[in-house]
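Working notes for the structure below.
So that you can tell them apart, the chains are marked A, B, C and D in the order they are listed, and the count of residues begins at 1 in each.
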């Protein structure tokens, strides 16, 4: 059961926030409101009349619109097509619809080009399209599931301005976020959910973030904190003047240089799509750089393959665990082999050593607290957090010198998050060099010894995590704050 | 009746109990791919079988081959017919050569006939190897085409590029050149083995023939089985003439194209099949290689429609020369 | 889930049985609708095969098995080698020409010819592999095209290499010397014919397929690529090289398909050599779920239906192609049954995982909440 | 295993997709004239007049239509995200339907019968893939087996004993009407016979498209236009395409994903069936066993070749129909093609070396080109056994040089289950 006994009401023309830890059931609740899932019992009333929501169409008809946690956009269709899809009766699919989109875009300063291809757009723009989709349908109630997760602070501010405007027009906004200060800033009332049930509805003016967090988890909120520096002067990974061409346009990676020492965590901040993924892929050997070198200690590994690089002691926690780190339909013990197909205990010569791999999987499951009934279930049946713990356990089991970690705690719940942080910190103490890429600025600030910002394929100078604020980073990430760089 | 093996179920009725001559003969026929109704040599064989049934009162059973099948499947088919009690088994098509050879050895009490093969593979004391001088018949229609062609340009469409069909082509060309050594003959095959769709794709036959007519030919001969229908259609559309094959196609083709079929090269598979059964009914099994050529009347040209009446004397003259051995018709082009 | 789950094992076994029943019902309905003799048809198809027919079934199954394994190698890594048909034809021709020359004595001639076949099949497949890896041409199209091209080239070369017997209308390569012809095993008592000696080849290939794919590093890489290309890349698999290897391996295995036929039955390659085996292999591989044992059963079933249907025309006066309907329906029914089982299974597993986790939740809740 | 297949090699373009240049009518006209000019040069250079004769072109149209219709069927289904490798089986069902209904109730009933039989194939595919979530390839393969079996079985059952019919073929079916533009055709024919450079070639093209066109050909062309309009200009089409691009997004906007997929596959079957019907009704006026000869697969190839777009598909089908026509019509045409291949290969090789700095590939292309050129000069004709492969070789060559930018619908081949995507 994901939700039970959920009760709350939302007044028109307000912003109502829902908070709760990972897996608390927020998304499930919103999906019920949007007709994607059916409740087993209970009623939903809109404007006082009970509605029966069988499908998104019913919800849309009832004036409810939803922006999902994971964007629901068809990449290869244009903005116009994505927006009018399903609502073609309103304004057709031609010029009239285009004019209407333009009108909404202008009215709420959404700044979207109806004829752009969605695949060409960044995250912020995609978010605005999602909102436009809802407005286009004339929704009176707007549900936003973690809309700020991928936005930089400036974009968040813009979004909040737009929400304020919507509120003024008499629209109701339901808003989900993990970022409590944001919630306090924008919401008119806040409902807290824990393990599927409503705990309380509070007034933001009367609570602070601490109290909210306690309501959410029934205890204090863990946060990443820096310990004393363990940075040594031994460079483990260095990247020099790395360039990755992007066809005929501007390079995807533009003259990137960085060095990570043993015991150092180098954090990279940046809006998604500015070259983080490409940087990781080049370091891991999945792409050939156009020019420049990547060195592991003093060995040039620029033209090595992924396997050699991994064998040489580079651990890899990919950003998209479903696509790059797991075989979802294979059992856990086979997933334990993945990425280390040539290393013991997984293999003996050319043969797979299934017995040893299974035994070691069992060890990881225990040591890393992977919640699973057995090592024979498929990876796909685990929750995200447990999948991630398995991946981390797997990578750490081979005692890497360098760890490339992209969004290691994305989408995992609080408990798992803190244990993942612990593992990274422990390894750092033992001399591991970590390249940490994250969209979570608090995580970056809390874990890193040095932070750099990537923007349009270029790397900024160093930021000191002890001094820098999320706002500073946000400014650098959007290019507004080039002058504010410390060094 | 099952040869060496005692354990494979023996045939239902052996040939030992031959009291009533006529009703006692049961003929099983194994067709090549296409089977009865292919408007080609399978059909011709079927005609012979039907005649035997009507005239001699024999019991019959038919089965057709499947495209691309295994050698073992052919052997199995023949053996099935034997097992079902058929005393005479006719295999239509050279693909059965090896299987007839084997089945004949395994079932010495059963008589076999094979159409289009005279190789050692199918040889046996109880095998009638029926072959035809397709080249000789084709020679005559080639001569007819050359005599009728105003453009001095004729064509040949072969279904599948096999030696057997090349025999048709060789005779045709030789006949045409005998009339006019400088005549132009276009040849085209529709598919290559093992793709036997060239015998069943009228669209391809039509395209090939159209090409010939548009390139200036005015008579086209086909040895393309079911694809021949396309050749007739093309001839009709182009105002040209076509020559049929195997049976008298001016009688069997769809009514609207009959008028363009000036003659057909008749390959009397029906006669050969009937001969085999008739001989058996008369108590004298036919064995060995029986060649059906011009001399024996096994191949011929047809005169239905009267379009070749004017050149009939010339054609008959050639025919006589071949029969007399004055002309030897080549078997490869 | 893997071991210790009798329910799952039961369900997996139930699926094929269910599928056969469904195929039986559907086909019967078709027969009734069309007005054909249902009883006669099933009596013919389901008759106990005679010894001779049993041998034919085993022989046909051996050839199907090789074909399906060749296809399955590609399938296991999401590579659609529709070109097995062309590959085995090129290979059988090459081997037949080589063996016909009799350059080597008996058994050695066979062995080297088999290698020639594998090389030829592999080379032909490498064209599609190259086009896929270097030029991004979908192997589905390129192998379809290459099948047709193989037909043309082989019949052209066949004409050049043909050796026509007196009085025969067939064209075929030179018959291989008697010392290189394999007589076969007298496996089934009372049968007049023999089981191909190269049935052993099928067994060997099946074992190797199971072993290499299931037990080796290479096999793991191959399966990982099939399950998730992106994850395989990130794990260090060089996918382009893997595509080349798998495609060529598939082609080389395809080269073996014609070998039992060549050495155990036809003794030459000609226009009457069995064709279309590659396509049967696709269906059988899918029916056997790309599993070495599953494919063995599927091959036997396929061969059984093929051989038994031969008598349909004679016994029941029904076109032999009816068997295609039965085979197709079985294929459908099996995959649908497995899909339904997979769904139930997945749902049950998820609930189980969720339940077991929920059970452990209260105990761990306090720990999770603790500050880092 | 999934029908989506491996992506290796198909994504060589790095970085974000640049804005594609849109080809307007003028660009297309220039390209068409260019192609015609090349053909005209080739004709004059080699003297193979059949390269651009109206007869060859008309034959090309006739051969292209069934392939195009099958491909169009593939397009509908794959645009909705369902891979349809069962086109061949649906086509076969269509040929039988055309033969059966065409004979008993006239050619127009044959057309409907072909569509209906194809749709039955589509229905099976839809139930399997959409309702039960069976792998698309498995289902397609099964349909090809069943289609073949059903057609042969039914033909044997229902055509045996009819006049001119038999187990493997139907009786003659009456012809559908065909049209010729009066007056124009003969004049163009005269012009064509002059064998003037370009002018005659253009006349041949015009003559081919206005002479003796079957009504079914015209319908097929209209279906192409209609497909383009429906899929890219109507709300229905937008929904259908969205289902193939991102079913989750479509469902979140209230689109009934399964219904659209189902419908698309059904239409796909109907179109493939009509393709089979064309073979039986127009190309042959008869149903025959094995008449489709793998055209369903070729249609699929033409669709991929055409980048899942009607225009591209039309080009692919035309290319295939044309090369098939000229090789079937025999003569020197295929031999003349060798010269074209040689020149093209050498040109591509030079381009690779000079512009793309791919020396190995460039040299390879040039070497092959020179060999082909040598073949052209050394031999008078291509052996008959090999001319049949012309369409396949041509398609393969074209794909080898131009397939890297193909992009299939994003969710093509993926199995979608309601509600599971969220």
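The rule we apply is simple: contacts are C-beta pairs under 8 Å (C-beta built on N, C-alpha and C of every residue); 3 or more make two chains touch, one makes a residue touch a chain.
Which chain is which protein? Per UniProt: A = ABC transporter ATP-binding protein; C, D = ABC transporter permease.
All values derive from a computational prediction rather than experimental measurement.
*Asks:* Kindly list the shared contact partners of chain C and chain D, in label order.
*Replies:* Touching chain C and chain D alike, sorted by label: A, B.
*Asks:* Once every inter-chain C-beta contact is counted, which two chains account for the most?
*Replies:* Pair with the most C-beta pairs in contact: C-D.
*Asks:* Which one of the chains is farthest from chain C, going by Cα centres?
*Replies:* The most remote chain is A.
*Asks:* When the C-alpha atoms of chain A and chain B are each averaged to a single point, how far apart are the two points in Å?
*Replies:* That pair's centroid distance is 75 Å.
*Asks:* Can you check how far apart chain A and chain D are, centre to centre, with Cα atoms defining each centre and the answer in Å?
*Replies:* 44
*Asks:* Chain B to chain D: how many Å between their CA centres?
*Replies:* Here the centre of chain D sits 36 Å away from the centre of chain B.
*Asks:* For chain D, jot down the residues that touch at least 2 other chains.
*Replies:* Answer for chain D, listing residues that touch two or more other chains: 167, 385, 388.
*Asks:* Quick check: what residues of chain B touch more than one other chain, meaning two or more?
*Replies:* 64, 67, 161, 192, 195
*Asks:* Applying that definition of touch, give me each pair of chains that meets it.
*Replies:* A-C, A-D, B-C, B-D, C-D
*Asks:* Spell out the residues on chain C that touch chain B in their complex, using ranges where they run on.
*Replies:* 50-53, 56, 59-60, 63, 89, 148, 151-152, 155-156, 158-159, 164-171, 189-193, 261, 265-266, 271-276, 306-307, 310-311, 313-315, 320-321
*Asks:* Using the touch definition up top, name the residues of chain B that touch chain C in the complex.
*Replies:* For this pair, the touching residues of chain B are 2-9, 28, 61-64, 66-73, 75-77, 79-81, 84, 94-95, 97, 106, 116-121, 129, 131, 161-164, 167, 192-195, 289.
*Asks:* Give the list of chain B residues in touch with chain D in this complex.
*Replies:* Against chain D, chain B makes touches at 34-39, 43, 64, 67, 161, 186-192, 195-197, 200-204, 206-208, 210-212, 214-215, 226, 229-230, 233, 237, 252, 254-256.
*Asks:* Spell out the residues on chain C that touch chain A in their complex, using ranges where they run on.
*Replies:* 1-3, 215-221, 223-224, 227-228, 230-231, 233-238, 346, 349-350, 352-353, 356-357, 360-361, 364-372
*Asks:* Enumerate the contact residues on chain C facing chain D in the complex.
*Replies:* Per the touch definition, chain C meets chain D at residues 34-36, 75-80, 82, 131-142, 144-146, 148-149, 151-153, 155-156, 159, 225-226, 229, 239-240, 243, 279, 282-283, 286, 290, 318-319, 321-329, 331-332, 335-336, 339-340, 343.
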